[in-house]
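Before anything else, here is the set of structures, which you'll find just below.
Next, two complexes with subunit A in common: one pairs it with subunit B, the other with subunit C.
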Partner chain A sequence: MRVPTPTVAAAALAAAMLAACSPGTGSDTGTAQQANDKKITYVYFTDGPDEQATRNLISGFEKETGIQVDLQIVPFDNLEQTLQARLSGNNAPDVARLSDIDPFRDDLLDLNKYQKSALDGVFVDGAKSYTTGKNGELLAVPSDLTMNGPLINVDQFKKANVPLPDEQKPWTWTEMVAAAKKVQQVNKTQYAIAMDVSGHRFATMLSEFGTDYFTADGKVGLDQTKALAAIKEFADLNNSGAMPKDVWLQAGSKYKGANDVFLAGQVPVYISGNWQVSAFAKDAKFTWAAAPNACQERCGGYPGGKFMVSFKQSKHQALAAQFIAWMNSAKSQTQMCQQAAFLPTRKDLISSGITYPSRSTDMNVFLSEIQKTPADTFANNYSPAFSDTANAARDELAKVLAGKDTPEQAVTVIRAAAQKALEGVK
Partner chain B sequence: MTASQTRARTDRGGARQTSTWTSAGGGRPPATGRVLTYALLVALSILVLAPVVWAALSSFKTQTELAQRPPALLPHSLSTANYSGALQSFHFTTYLKNSVLVTVGATVLTLAINTMAAYGLAKYNFRGRNFLFLVTLGTIMIPLQIILIPVYQVAASLHLVNSLWGLIIPPAATPTGVFLLRQYMLGLPDDLIEAARIDGAGEFRIFLRVIVPLCGAPIAVLTIFSVIWRWNDFLWPLIISQDQDKYTLPVALAQFNSELVVPFNYILAMSVVSMLPVVIIFLVLQRHIVRGIANTGLR
Partner chain C sequence: MNQRVAPYLFVLPNMLIFGVFIIYPALNNFNISLYDSTNGRTFRYVGGANYQELVDNADFWSAARATVVFVVCFVVLVTVASIGLAVLLDQRIRGRGVFRAIFFLPVLLSPVVVGLVWGWIFDRNNGLANTVLRGIGLGQPGWLVDGTLATVVVIFVGVWTHVGFYTMIMLAGLQGIDPTYHEAAMIDGASRWQRFRSVTLPLLRPTTMVVVILSMITGFQAFDFIWTLTGGGPVGATTLIVQYIYMHAFQSPIRYGLASAGSVILFCTIFGLTAINFLYNRRRSAA
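After this line comes the complex of A and B, so read on.
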């Protein structure tokens, strides 16, 4: 015991540091050595009901192909961290579900190499530029689509004798606000309209006011007058108490859903998205419905979605691509959408529609919004600069609500953030 | 509040002077200091207990009730829907087993490594001792987030990833523990060690038979720290354990956190379930823990 432990520890530490610097662990090595066993790993994060739906699909896949799928669920907040660590340790999963593929672009497998016939050109066109790599590779498959839109408390609307919005002739933003305020007065709810604390949900409002963070060809958008009008309206609604100002101020720089305010019956109109449908079907104690998005300058909602990817490091690339193709076949997507109340990403399913076992009308309201949604919103949401810009917008709006910045300043700040985000990805 | 307490509070001087206090309750009135101490202790324990009780009560509420403004203290009904719903995808026994294995394993290993390291740093003279000690201390200042990737790479090349060993071995050497034990060992007289050497004891025997028994107090403290650290550890287990059957409780709890919807009713229910083992262990072992610390504290 003459050799003191710390020396050993220090030597081990030094060795570890050197090992970390050694080359060869990079992820740009092209193809990893392929293994022969029929077992793949799938890193997943869940939004709730989709977990069981995914498990059902996986067991179908296992039965049909004899390939075993190990589903590994990680919390959404730590998804990127987990994957980055695993990539650095040359231990990437075979398949992963992502909401943002940009941090991993260089590590993703070209799915066209294995499943071009099944996957190429099948999915919603707006996502194409985002999922295509520098040399035309297919890096990701949009596995589910989300659509923003308002949900309304039907009971409260009826009590106030306010007509429900007509899907064929949607309300304008002004009409929606007026209706919400009237319902608020009669029912004595705390607020009239609530929105999630998110730059993505605010983009819905921006788009309805006729502008967006970026133009369709990827330059900074945000028309001065239109953006200013949207921000002013947003600030006025919050400052007058029609929107729950404290939800935005409280959240700080974090995403926060306003679903609890809606569930508590304290707001008749809640701007969120289709993912709330299955949760509300279970939790809401009142009659509610999905409503068409307001049309001010333009109609439609705002898209979002998740992707399935595989990695160059994967030791089962062919199986991974096969799994991704299987999970996104028309049959599987239909099953997934029905069980989890998701929207499909396949062009054929979007145009044919899906019969949902429950809340079908609401889901189809969201589904029909896809067609009304302007094309530039897809380009925006799938722009690599989107998430940084949306987060900057969310933080800036909080500053406007706190009285630190004027709406005019906010437009300038968000434009600058969009510019910076664009430069960052170039 | 009893009559005597009220009296003691409103009429503090008088209560102290009149030693012939006669009241229905009998006995001497409590001194003001004592009353204040108790009041403070009660207030503090309410402060500490409130969130726990709140969580336990809320775990029976539905999402709607959780969203209610102003919030109600009691749930509408003691429905176990949250528990049964969450337990469907929450393999509690597996996670509990992993948490226990990791906590016990890592604590034993931590104690073994840290006492030896601290002994070396405290009682042996060798070149670079202070430097090594400073290096050890310096690592306190580096958070895991910064060295996560290199540490993960080392763990991956040692095939520790996705195994419970990967949760037990890498966090075992804690600089805080080494520091705590070394400072304590510095206070032990060298004469003891020399006397043992004269009696012919080997170095390892001295360490085991003389030093370790004398370090009861800091070892107890480090044990408690280590158990708390490992039980609550989140980031490292999250990165290392990949299969769900290797998850510890905190990692498993976080699975419910999704991008768009956070089911707080499930999280609350499972938090309560995860708290139970700790509470039960503490209730059963309370005496031993307190007495153990008190005894060893006397040295």
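After this line comes the complex of A and C, so read on.
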């Protein structure tokens, strides 16, 4: 086959033209020209019941200030991609809700520039290093806090005559497993304990066994003996059928909650977190309750949460910062927490507590877990390297369950992933 | 209007759209593969580092191996099954139109729906397949939690989804064969099998080549139904190359350059195999 010379020339020219130009336009991190209109955009992803609570708050804000808020809801899976595309097109929203601020750190507005008195030092201390920029800027506001913890099927516990865990004298992992297995036996449920397919949820177990992905000062953690004990316990529970191994293996590279197993009454103890409270209040056909986390070497759960940010590209920076401050005032956060069953991030509200209109006892169990949760877990969760490390841990645990790696190898692999993630953010 | 210019003007709108949305992004993909970017705005030139990273990455090779297994099985099965079905549907049987519609139906389904439905069917504890197997005392295989079984399921679902489309192509090919060849063979006393082997199959070769090339491209591009069916699991057993690219391009931590390098390798592989297939068949036809 003979390729004509003009075709070769055209192809070479096209390749040369493309190779000669960098595909990017460079990051424009300068301040955008400010507009005079009173309308801001808010890109939001919803966990469910929080959407209406957010809309209610926005209505209040619009009435009080006369500023219009265009709420734009995007699926969580598309959030990063959507925002990166909008930033590329110089069309960033004024405000966004994020679960991870790191991919946008260079693009975020310093909120202290406009709302220092309302926002600085107000929120949970553990998030401070994460939300603070290189030069002390306030890049994000922790807008809601999540706390991992077990949820139990009270009906099944009662039927099995197994006492419910006492908040004053929390159960150990050994006691929790024994209780769950007894309840499983009596109620003939498929499993005793279920956990979401998530490296974040597994971090709860690691913390309770006395270690974490990183140390409090940001170095690779994962104490060999303690991590090995946690992974072995996890593998034993799955291999013995006490935990649904299929959920971890079947999820592939996707997140998968085990909430459907719990809602189907097929597991008496489900390790998840406070964000399930609203959904279970609506969907569960049995009596359930939030329980204190198991203590092994340490007590407490594992924190997580979402953030509100604005962008340097925003054409309404002052209004955006005003909106973020208003949404996270004590009054607004209280309303949001009450309507969406969220936990507050403000230090004053964590201390004073919140009266929830429904499932108040359960929410207060999670609230009290915040006080018991070790400080290093906050540092871990808010570490820029956390997400990659947790995902690596999730994949590695699946390998252990599939018999491809041993627990000893898993500790080594997760440590290496933590090291790589730390180097990646430097 | 000048008759030389007019045809080009008619195709110009389409070529513009094709150029802007297909050709340019495809060419630019080569360019992006030489850069590293985590946000699509700032690009750092890294030369061939992305390709080197792929070559050194065990997960990439695992995805490549899984892709080869999937494509080979998919192409062979889909080609054989589509020839068989086409021959059956070419017979004068009652309800032929209905059968053709039934076999074509999966092609019309959304791949996401296909993945979800087969996921429920093959669920180890509550799935339809295991409920039936349990009923006849054959246990509960972990269809989606055992690497080998999950690969078999993914190939089966892929073939089930696409075989209707290739059957229609084969059927068109069969109907294009001049019946006088068969009549001549019958007069010479050829059996049904001999007619199929010595008349139908050789005359169906151009159509078979089309099916092999198209199914090979489809096999290399398989992603959507696998993503909803297995998520690439268990432990990466069904993670094919497109999912590997997708995960680096659209899931945190985003690596556009690495994903582009993976796409370039995929493009070169498909292009090379298609060219080999095309040249081989052209030579055979000429001989």
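Throughout what follows, the second predicted complex is superposed on the first by the 397 of 426 C-alpha atoms of A that agree within 3 Å, B and C clash if a C-alpha of one lies under 4 Å from a C-alpha of the other, contacts with A are read in each partner's own complex, and residues count from 1 in each chain.
The rule we apply is simple: contacts are C-beta pairs under 8 Å (C-beta built on N, C-alpha and C of every residue); 3 or more make two chains touch, one makes a residue touch a chain.
Please read all numbers here as calculations on a predicted model, not as lab measurements.
Residue contacts after overlaying the shared chain place A:214 against neither subunit B nor subunit C. Here subunit B and subunit C are compared by how many residues of subunit A each touches, and B touches more. By the document's definition of touching, of the two partners only subunit B reaches A:91; subunit C does not. In the superposed model, A:82 makes contact with subunit B only, not with subunit C. In the superposition on chain A, A:51 contacts subunit B only, with no contact to subunit C. Of the two partner chains placed by the overlay, neither subunit B nor subunit C lies in contact with A:302. Of the two partner chains, subunit B is the only one that A:259 touches; subunit C does not reach it. Once the two complexes are overlaid on the shared chain, A:285 sits against subunit B while remaining clear of subunit C. Touch criterion met: A:74 reaches subunit B, while subunit C stays clear of it.
When both complexes are overlaid on chain A, the residue A:114 reaches neither subunit B nor subunit C. Applying the stated touch rule to the two superposed structures, the overlap between the subunit B and subunit C interfaces on subunit A comprises residues 1, 19, 25, 81, 84-85, 88, 190.
On the side of subunit B, the complex with subunit A involves touching residues 62-64, 66-69, 89, 113, 116-117, 120-121, 124, 126, 129, 132-133, 135-136, 148-157, 161, 173, 203-204, 207, 235, 238-239, 242-244, 254-263.
Residues of subunit A that touch subunit B in their complex: 1-2, 4-7, 9-10, 16-17, 19-20, 25, 41, 43, 45-48, 51-52, 70-78, 81-82, 84-86, 88-91, 93, 99, 146, 190, 255, 257, 259-261, 263-266, 273, 275-276, 279, 283-285. The part of subunit C that touches subunit A in the complex is made up of residues 27-28, 30-32, 34-35, 37-43, 45, 124-125, 142, 144-145, 147, 227, 230-236, 238-239, 243, 247, 250-254, 279.
Interface residues of subunit A facing subunit C in the complex, by the touch rule stated above, are 1, 14-15, 18-19, 21-27, 80-81, 84-85, 87-88, 100, 103-104, 190, 245-246, 249-254, 256, 387-388, 395, 398-399, 402, 404, 424.
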